[in-house]
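Each chain carries a letter (A, B, C and D) given by its place in the written order, and its residues are counted from 1.
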Amino acid sequence: MKKLINTPESVLDDALTGVAAAHPELTVDRENHVIHRADAPRPGKVALISGGGSGHEPLHGGFVGPGMLDAACPGEVFTSPVPDQVLAALRATDGGAGAVLIVKNYTGDVLNFSLAAELAAEEGIEVRTVLVNDDVAVEDSTYTAGRRGTGATVVVEKVAGALAERGAKAAEVASVAERAVAASRSFAVALTAATTPAAGRPGFDLPEDQIEVGVGIHGEPGRRREPLRPARELVAEVVETILADHTLTAGDEVIALVNGMGGTPLIELYIVHGEVAARLAERGITIARALVGNYVTSLDMAGFSLTLTKADPELLELWDAPARTPALHRP
Amino acid sequence: MKKLINTPESVLDDALTGVAAAHPELTVDRENHVIHRADAPRPGKVALISGGGSGHEPLHGGFVGPGMLDAACPGEVFTSPVPDQVLAALRATDGGAGAVLIVKNYTGDVLNFSLAAELAAEEGIEVRTVLVNDDVAVEDSTYTAGRRGTGATVVVEKVAGALAERGAKAAEVASVAERAVAASRSFAVALTAATTPAAGRPGFDLPEDQIEVGVGIHGEPGRRREPLRPARELVAEVVETILADHTLTAGDEVIALVNGMGGTPLIELYIVHGEVAARLAERGITIARALVGNYVTSLDMAGFSLTLTKADPELLELWDAPARTPALHRP
Amino acid sequence: MRYDLDRELALGWLRAAAAAVERRHEELTALDAAIGDGDHGSNLRRGFAAVITALDALPADASPGTVLTKAGSTLISKVGGASGPLYGSALRGVGAALPAPSADLTELAQALRAGLGAVQKLGGAVVGDKTMVDAFEPAVAALERAAFDGFTLREASALAAEAAEAGARATIPLQARKGRASYLGPRSIGHQDPGATSTALLFRALADAVVS
Amino acid sequence: MRYDLDRELALGWLRAAAAAVERRHEELTALDAAIGDGDHGSNLRRGFAAVITALDALPADASPGTVLTKAGSTLISKVGGASGPLYGSALRGVGAALPAPSADLTELAQALRAGLGAVQKLGGAVVGDKTMVDAFEPAVAALERAAFDGFTLREASALAAEAAEAGARATIPLQARKGRASYLGPRSIGHQDPGATSTALLFRALADAVVS
């Protein structure tokens, strides 16, 4: 394992030290492992909070700031945060207008966030939870833990954050977040496996000519293995898979997120985006807004995910609204 | 080789297709391989142009926009652009106030940009060239091609771009760029080698416990091999190496860029930044501004570079000035 | 050798569990890497290390229930992931059912049944879903049977550990329907569930603590 | 067999060069990967493919100088990197010195000396710096000597190719002082310079074109 770390155990603490040093506009609660806006709490503003395992940076800490999150709760690598952490975030950002938790749909995240929500409710903080579950690779939600939350999280945090910033009520913020979830579908492929500091070796072995299709963001294997093919063919398959599960037809507009998993050069993500645009154009679907880069990563995994969010005027307007965070800016 | 590409030969063309699709605020001249501001030429504004081999994304195309570059000329992967390309960029952005070329000091870049400058001069465009040569790993410039241009390029493009945006004259823009170069030193370590699409395999073989110290950004081996050590020790060495060549003393302020080479997770870069901040604090040097992320990459190489720019009020003010580019924003 | 669950045995159990996790965390992580996200071992290791610290701070006259409840709360506060709330709630459920200074085998079996109930209430898993429940359920059933049949705590806890281990092994051919492994669909078949494995390890720790 | 450099031989030389680059680009790239950035082969491949296309567009009565100048300009326009301007300027330098429909061996040697001069003016390298100059200089010197000694073009071009090849091999023990390989300091020792290798290949292409 080759990593720029001190010890596998201190990864999160050491990274938070760096976040604190790099971002004076954020407050890092080192003890509770919470990153929040330095100006929190904002009286009268709904607190928008998210979190999840670390290793997905810039998600979520990189999206804390005006127009997006009020706080992020980074768990250990690939491990959901603990309830205490989420409770600390809820307390630090409570402006009296309630809170909305954006939770990616994983058993661990759901359990820990809901324990925290119970504790906060006992303290008089009104908490709503929005589950993000955009990953169409999880086909059958009756016999699984349900669809995973992946790339759509960025879209949800952006639009909900914009609405919260304007002073909307918690119910409105939760409702637009849910609308964004419902409008979003994602699918990911991996060219290599991620290596967690704790495990010290790749999560799976992948021959030089094979890729994992339908992977999540935690280094787990996907639905199946396939030979690596040219970007054009691979993207065509990914677009097909998403559209088969989406209500997109000619004339529709989308927000498209071509997301790198951490180990893929940006130049390749642009190649992927070019192919995505071509495939969608063939079907008469317009990319109204595009985001290309590493936003929801899986440590050093090579590969990409595509998220398509069906756009409407409200979602687009919120997507374009001002935001000032380490990883996403809108003027 | 596992890459999201169509063919090794079409990497640049296909990526430019994606850039064009993702960034309506930029114009991509597909024939000449130039990315420029959609509003170019801006009459009366000095044109700030840079370029270099591809594979370093977001450099340079990601820094085109108000407050930074007017145009970028991406060459083939790790290959400097050709004079025709640079000439096309000069023509497309010529607002009558001359141009400043930001050129990283590599033989190929220097030769190609200077041929272009000659051709442009014949067309009546006044061209100044600023060489970026910040890499202290190249120790002896008498017996080498001179110090390489690496991370400092981002700082130079930012501060020169801010001044150019305000309508400064070409000589002033070139002069602040030169000041930023003179104030900057960088050093890089690699944990893995980059794989170019053309070569198809890593530029060098590195045992599982070894790193290359003093590498450049083109997949070339560094000055020496060392065992991988904890981030704390590695960063201490990198900081030492830079300070040994820098005129920084207690009380000084710096702009610090902890730059990922493409294959290193952001969480590790934050760990590195935390260590950089600690080492500088020990010496009484203050990080006035920090930038942590993948800015000058080397395809899929794992590792990081550290750039320290000695700050002064003018450089800080220009660093903070508005910018609106795909990869760097300032409100 | 102990014949009832008292404060000492509760502490001994948790210490044996912590030691076992410390010894075998890499194995748990490897199992989790195969069909999950490769953190189960380090999750439990972090959690049980915190449990040991928390136990030191308990008053000397704490009941076994208080000890186990504290351990559960600590796991919830320190582990994260799916296993943190699940094991934490389990131990809190066990602890809540043991208010007296000591509990006999029947009472212990009832308390563990309550702990299992907490896991199932929270996680919704049933036997056969390829989770910790697949080891937990047969272990509790074995204890209940042993109590009914008049076995000693020593015999009962050994039977429970064996049942849990058999339950863990029996997850190998199953396709996961809960937790992260469920995302793999049929590809989860052929691997032993990490949570079931750690549950077996916890029941083995109980049996070891009883005889030591 | 040709005795003078005329239009046909200039074209034949460039075609042979393009074919050789196409055949051996991987080897050039591998040499460049060892002490540079691993693009020399693909750079020249892209460049010479463009040269071939450009040649087709030339008028049928173009002088050898025009042919070589055009090839040089094409390399400058298509290759990039260090080798693009250097080889491009070299060929432009050679072409500029060959205005007549045909040139004898002495004139060819003079033209190649001018091409080498262009490389050295642009890149500042001297023999021993571990660059293309290390193959270029001995090849030109061999041609000059052969012309002085009254050798045929066939004999002279074979000697030049051998000299270039020897010069390329002689770069192996050198420490680079120009170009990218210089960044490696002493670690550049022990590797053959890619540019010197491609220069040898270009002189071999000339010798091959002469006899074919």
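As a convention for this text, a contact is a pair of C-beta atoms (placed from the backbone, for glycine too) under 8 Å apart; a residue touches a chain by one contact, two chains touch by 3 or more.
These numbers were taken from a predicted model, which means no experiment stands behind them.
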item: Mutual neighbours - chains that touch chain C and chain D alike; value: none
item: Chain of greatest Cα-centre distance to chain A; value: D
item: Chain B-chain D separation of Cα centroids, rounded to whole Å; value: 32
item: Inter-centroid spacing, chain D versus chain A (mean Cα positions, whole Å); value: 54
item: Chain A-chain B separation of Cα centroids, rounded to whole Å; value: 28
item: For chain D, residues contacting two or more additional chains; value: none
item: Residues of chain A engaged with two or more neighbouring chains; value: 77
item: Chain contact graph, described as a line, ring, star, complete graph or other shape; value: line
item: Full enumeration of touching chain pairs; value: A-B, A-C, B-D
item: Residues of chain A touching chain B in the complex; value: 1-7, 11, 14-23, 54-55, 57-58, 62, 77, 191-192, 208, 211, 228, 230-232, 234, 258, 262-278, 287, 290-292, 294, 297, 299-300, 302-304, 324, 329, 331
item: Partner chain D, residues of chain B touching it in the complex; value: 8-9, 53, 75-84, 106-108, 111-112, 115, 137-140, 143-145, 148, 196, 198-199, 203-204, 216, 218-221, 223-224
item: Residue ranges of chain D touching chain B (in the complex, touch as defined); value: 29-30, 33-39, 41-43, 46, 76-86, 122-123, 175-180, 182-185, 187
